Amino acid sequence: MTHLAIILLQNDLAPWQEVMSTFLTEGGMPVLGTWIAAGLTLCMLSFVYKDNPFFRFGEHLYLGISAAYVMTIYWFNFLKPKFVYPLIPVLDPHYGTPEGTSLNLWIIVPGILGVFILMRLIPGQGWFSRITFAFYIGGFTGVALPRIFAGFLLPQFFATMEAIPWRVNSIDSAVLLLNSLILFIGALSVLVYFFFSMEHRGFIGRVSRVGIYMLMIAFGASFGYTIMARVSLLIGRMQFLMFDWIGEEIVARIASLFHGG
Amino acid sequence: MKNFIRLATSVVVVLTLLLCSAAFSQEADVELPDEPFAAEGDELEALEGADMVIGLEPVMEEAAPAVEVPLPTHVTVSDLPNDDGTGLVVEFEKAPGETEALTYTVSVGAGPDGPWQEIGGFPATKKWKEEARHYYPAFFLFQKGRAGMSKNFHMFVIQELGDNVPLETGVEYFVRLTASVGDVSRNYAEILSATPEEQWFDTGRTNVLIFAVLFGATILYFIARARRDPNLFIRKISGLDAVDEAIGRATEMGRPILYLNGIDTLAALPTLAALNILGRVARRVANYESSLIVPCKDPIVLTVAQEIVKAGYTDAGRPDAYNPDSIFFLTEDQFSYAAGVCGIMMRDKPAANFLMGYYAAESLILAETGADTGAIQIAGTDAVHQLPFFVTTCDYTLIGEELYAASAYLSREPLILGSLKGQDMAKVFMMVMIIVGTLLVTFGIAFIKDFFLALG
Amino acid sequence: MQFFRKQFPVLLAFVMGMLLFVQYFVPSKLSKGFYEGFADWLIVIAGFAAIFAIASLLHYHMGKIRKRVLGYGFSVITIVAFIQMLVLGFVFHYRPGTPAGWEYQWLFVPMQATMFATLAFFIASAAFRAFRARTWEALALLLAGLIVMIGRVPIGEFISPHLSTFSDWILNNPNMAGYRGILLGVALAQIAIAVRIIFGIERTYMGGGD
Amino acid sequence: MEKVQKPSFIERFLQLDRRIIYTLVVLAVAIPLLFPMGLPIKVTSEVQSVYDTIESLPEGSHMLLAVDYDPASMPELYPMMKAVMRHVIEKKHKLVIPVLWPNGPNLVAQAIEELKVDYPDWTSGEDYVFLGYQVGTAIVIISMGSSFSRTFPHDFYGSTTKTMPLIKEYDKFAQTDYMVMLEAGSTGDSWIIFATEPYDVEVAAGVTAVVAPQYYPFLQAKQINGILGGLKGAAEYELLIDKPAMAVSAMDSQSIVHALIFVVIIIANIFAFVLAGQKRRQAREEA
């Protein structure tokens, strides 16, 4: 799900908007909506059987709508507040108040870099965009590098260095020892599997075999773990089709046919 | 192999040195268990910035209350370390006889006589300096163990004067501390003051700097070495050996090749890795004279992908065969992108699918649909939660690090191979550290681990 | 001009990379402002790239319509859907109780949920084909998968009350160990690629380079 | 090498068309929805403690229900949300509902409408306030520490919050007696860091199965006092409040689908094993 925010304006709705709102949220329109939603649900589900014109219709509709959705968000959340307002602050509805955007002509620089990308549309001038790529990728890599250490490498690194509870005097403590050995040896053997500059033979070969087994167990476990969540999604769609669309009463009546009552 | 030995030796030497100093510090700890301030006073940056350290005797402001309200004996207000000059910090050792009912309140004024503005309060069970590791990187260094560390010091950070008004750098602020139990309150005897200052190095990030320089230098060193000695070994990665086979098969069948760069933006490193592989694949596709389809999800990735494929065709000597229309934008929404790609898989029937880069839940939709069409599928991702689905449904999967090694493997460029070697050396270093560190921790010497934890 | 085509981008990537790397260690106001400014700049660039993406989208579908490719009618659907949603979105945002909000609720959301839900089918068929004990590795995958899968639903309790305990154990121990190894390796690989990019050794992304 | 004339049943099963599996999955989901079987569900301790806390609060306690998910996670979190809301209404607690995910509000509105059928006296402004969505995650949470009505000047329906009776007595995060957050991502981290920890408010998390592992460390650290995990957590809660609904009936489907996949995999493995044995024997005979 896209987590780009939509700004819901909290302003009071103008009268004509209120009329429109009533029309869309009460009476026939939600019913029509349910039917359309049910139809599209079936269209999209049909592709697991095989490609067909219904799916193709749904797919193309979905592509168009979602592309437009994202593009409007680009405008409202990115270009308008970050580019247009700093360039022409008068356009900001908060202009003149402390929350208003102030003039910032530096924003022309990324504007020019952005235009370089659009130069790709002109044959032969595509190389300009390379400057933008270099700015974007170079800068972002600089941002990422220390954060890989801080957020990723070092925490995992230190988490692996846990004391091994080697004093065994009960079954519980034996399990603890086993767990900590699995974590320790498991993580190291997977790292050995990833050695690229030496051949996996002899000792290294054997350790990397252990690494492969660890990976396989991890993959199997994640796979099994995810099944439940995915089945939930299908149940959700089925509940929509059966109870929201066909209707609870009709479904109950159909069910009672089989109950013999 | 020689390098391994050399590297391992240096690691052992460094660790021995650290171990020795650990032994000393342990002794120091035994001698002075209760006075970390007095013992290591000059180690503590926290105290360096203090403008005032005063008042041992609390003074009662009101008539002796019926309820006993304890006050701390030793309060300091100082600049908040490691910040941009908008913070002050109030610190004190917990008052003798502190109870759960006790609440501390901090007020700030422009002058020593007020007017006072209440900034915030906290119960005596909260706000411990021991929990604010980031601001006091060295504070824990010589404390015994981390786990059982008792909480002895309160700290309260002042960063704004209510309603989002930040503190100003270089302006002196006056601070009053009040302790209260129920309705009875007492003020701390002295009004303290301090000035927020900007810092230019974040000591809380020292360990990141150390590791970044260490690993960066290792990688650059091996790149430099590769310039002199370009014959480097790289182990077999079967997923990448299959690239030629897949492209060849697509050519024979006269069907296109589908290449996906994942669903993340260009600001993600897996996407960059995927684009690097795209460059190599495009060159091969151009040589084989088959066609390539690259549907994109991110606008910037789209533009870069076009440039890369064009370069690949040019390098292969067939710039005329490059068709910019085959690298196009589908949409930026996750599941409609998946729907669109599935549509392409089912209708254009590519004979080879490359699924590289970062993926989320849609990974399985793409891989299963692709498997159904009978295409050879080569996937590569570092998204650990999607790896199980690629491993089970694709013919070949590049797991995690292999995705990043792919561009070295396919290009065989000495410099990039060198960086791979450097990466392996960093790995050896890290593994030795983990083994030695774990052994030390197991036998009760937590110094090395604490040393690095303390730095960050 | 040759300089701007070839060397300048490499230099720019190096300068930007180093500046932002150093920025991480400097808490001062200047550095904070620089970082925030950079983030805003990236957003603006992304906005312009989005315009390019729209051009690409329209060009792709218009091309199909112009050439009367088989099924070009579907491209018409995409273009019409795109344009009407764009207009409605600009006018109404996606507030509930507006036409844009209505389309969002009754077209976009159900299609998204359905695409997501198809995973239930795919995960079943993938399990059927992949969970075969052909090799010892595959057996490890199979066993871990089956135990965790059945240990998470009520029917697992039915079979054995220890099953869910055991499935939790697998998730917290061998599973975690495997992922920790992958993550450590990936972190190292990312560091290596970042260093290569900053120092201009990896420049595939610039296209037509060397 | 001569081929067997017709593929045996075993061979045909191993090559089973995926569409047959899909059909079986659909049936395994739909039939239990039509005919609920009521397979036993064991209530776990992390769900029980959420129920116990709400149960033990005195009538009229202030509860906050944070809604941080969107339609994609609806199958798991919506039944959970309804079950918790139902419990709150039955115990006559006061409820305030903020939403920090842009596409969440419509789901809450829908749940409120559905609950009003059963509880027509449950009134906005007095018994509950639905604050709607506000952009800015962490900033919103921090700002709610000082005032709900200033952070959300209007509720979802456009009424002014400041004058509502409930908001007059319950306008600050610190006045919360218990909080439940419904999370499909990591917004819960922000709630814990900026609200429940600083103000020392007890909180429980209702989460999707996929993000549940992220929240268990909080439970271990006692930063949250309970977890409702995925559809199973929702089903357990519905059982606790004795109102089995969507989630309980869905659990039957879950169990049946899992059992189906399990059985099919086991049979496939046995068949593959038998087939391998047959092939080996054949090869030996030929040799």
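For clarity, chains are labelled A, B, C and D in written order, and residue numbers in each chain start from 1.
Following the convention adopted for this analysis, contacts are C-beta pairs under 8 Å (C-beta built on N, C-alpha and C of every residue); 3 or more make two chains touch, one makes a residue touch a chain.
Values in this document were obtained by computation on a predicted structure and should not be read as measured data.
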{"item": "Those chains which touch subunit D and also touch subunit B", "value": "A, C"}
{"item": "Any chain in contact with subunit C as well as subunit D", "value": "A, B"}
{"item": "Selected interface, A-D versus A-B, where C-beta contact pairs are more numerous", "value": "A-B"}
{"item": "Most distant chain from subunit B by Cα centroid", "value": "D"}
{"item": "Centre distance in Å when subunit B and subunit C are each reduced to the mean of their C-alpha atoms", "value": "19"}
{"item": "Rounded Å distance, subunit A centre to subunit C centre (Cα mean)", "value": "6"}
{"item": "Two or more partner chains touched - positions in subunit C", "value": "21, 24-25, 42, 45-46, 49-50, 52-54, 57, 71, 96, 105, 109, 111-113, 115-116, 118-125, 127, 131, 141-142, 146, 149-150, 152-153, 171, 179, 182-186, 188, 190-191, 194-195, 197, 205-208"}
{"item": "Sequence positions of subunit D contacting 2 or more other chains", "value": "18, 22, 25, 29, 71-72, 74, 103, 105, 209, 232, 254, 257-258, 261"}
{"item": "Set of subunit B residues in contact with two or more other chains", "value": "205, 208-209, 212, 267, 269, 272, 300, 303-304, 307, 310, 329-333, 335-336, 339, 347, 384, 387, 389, 391-392, 399-401, 405, 420, 423, 427, 430"}
{"item": "Interface residues, subunit D side, partner subunit C - complex", "value": "16, 18, 21-22, 25, 29, 39-42, 71-72, 74, 103, 105-106, 109, 209, 213, 232, 251, 254-255, 257-262, 264-266, 268-269, 272-273"}
{"item": "Subunit A residues touching subunit D - in the complex, by the definition given at the top", "value": "1, 3-8, 10, 12-13, 48-49, 225-229, 231-239, 242, 251, 254-255, 258-259"}
{"item": "Contact footprint of subunit B on subunit D as seen in their complex", "value": "18, 198, 200"}
{"item": "Interface residues, subunit B side, partner subunit C - complex", "value": "82-86, 169, 198-202, 205, 208-209, 212, 215-216, 219-220, 223, 265, 267, 269, 272-273, 275-276, 279, 296, 299-300, 302-304, 307-308, 310-311, 314, 325, 328-333, 335-336, 338-339, 347, 361-362, 364-365, 367-369, 371, 382, 384, 387, 389, 391-393, 399-401, 403-405, 407, 415-416, 419-420, 422-423, 426-427, 430"}
{"item": "Subunit D-facing residues of subunit B, complex", "value": "122-123, 125-126, 372"}
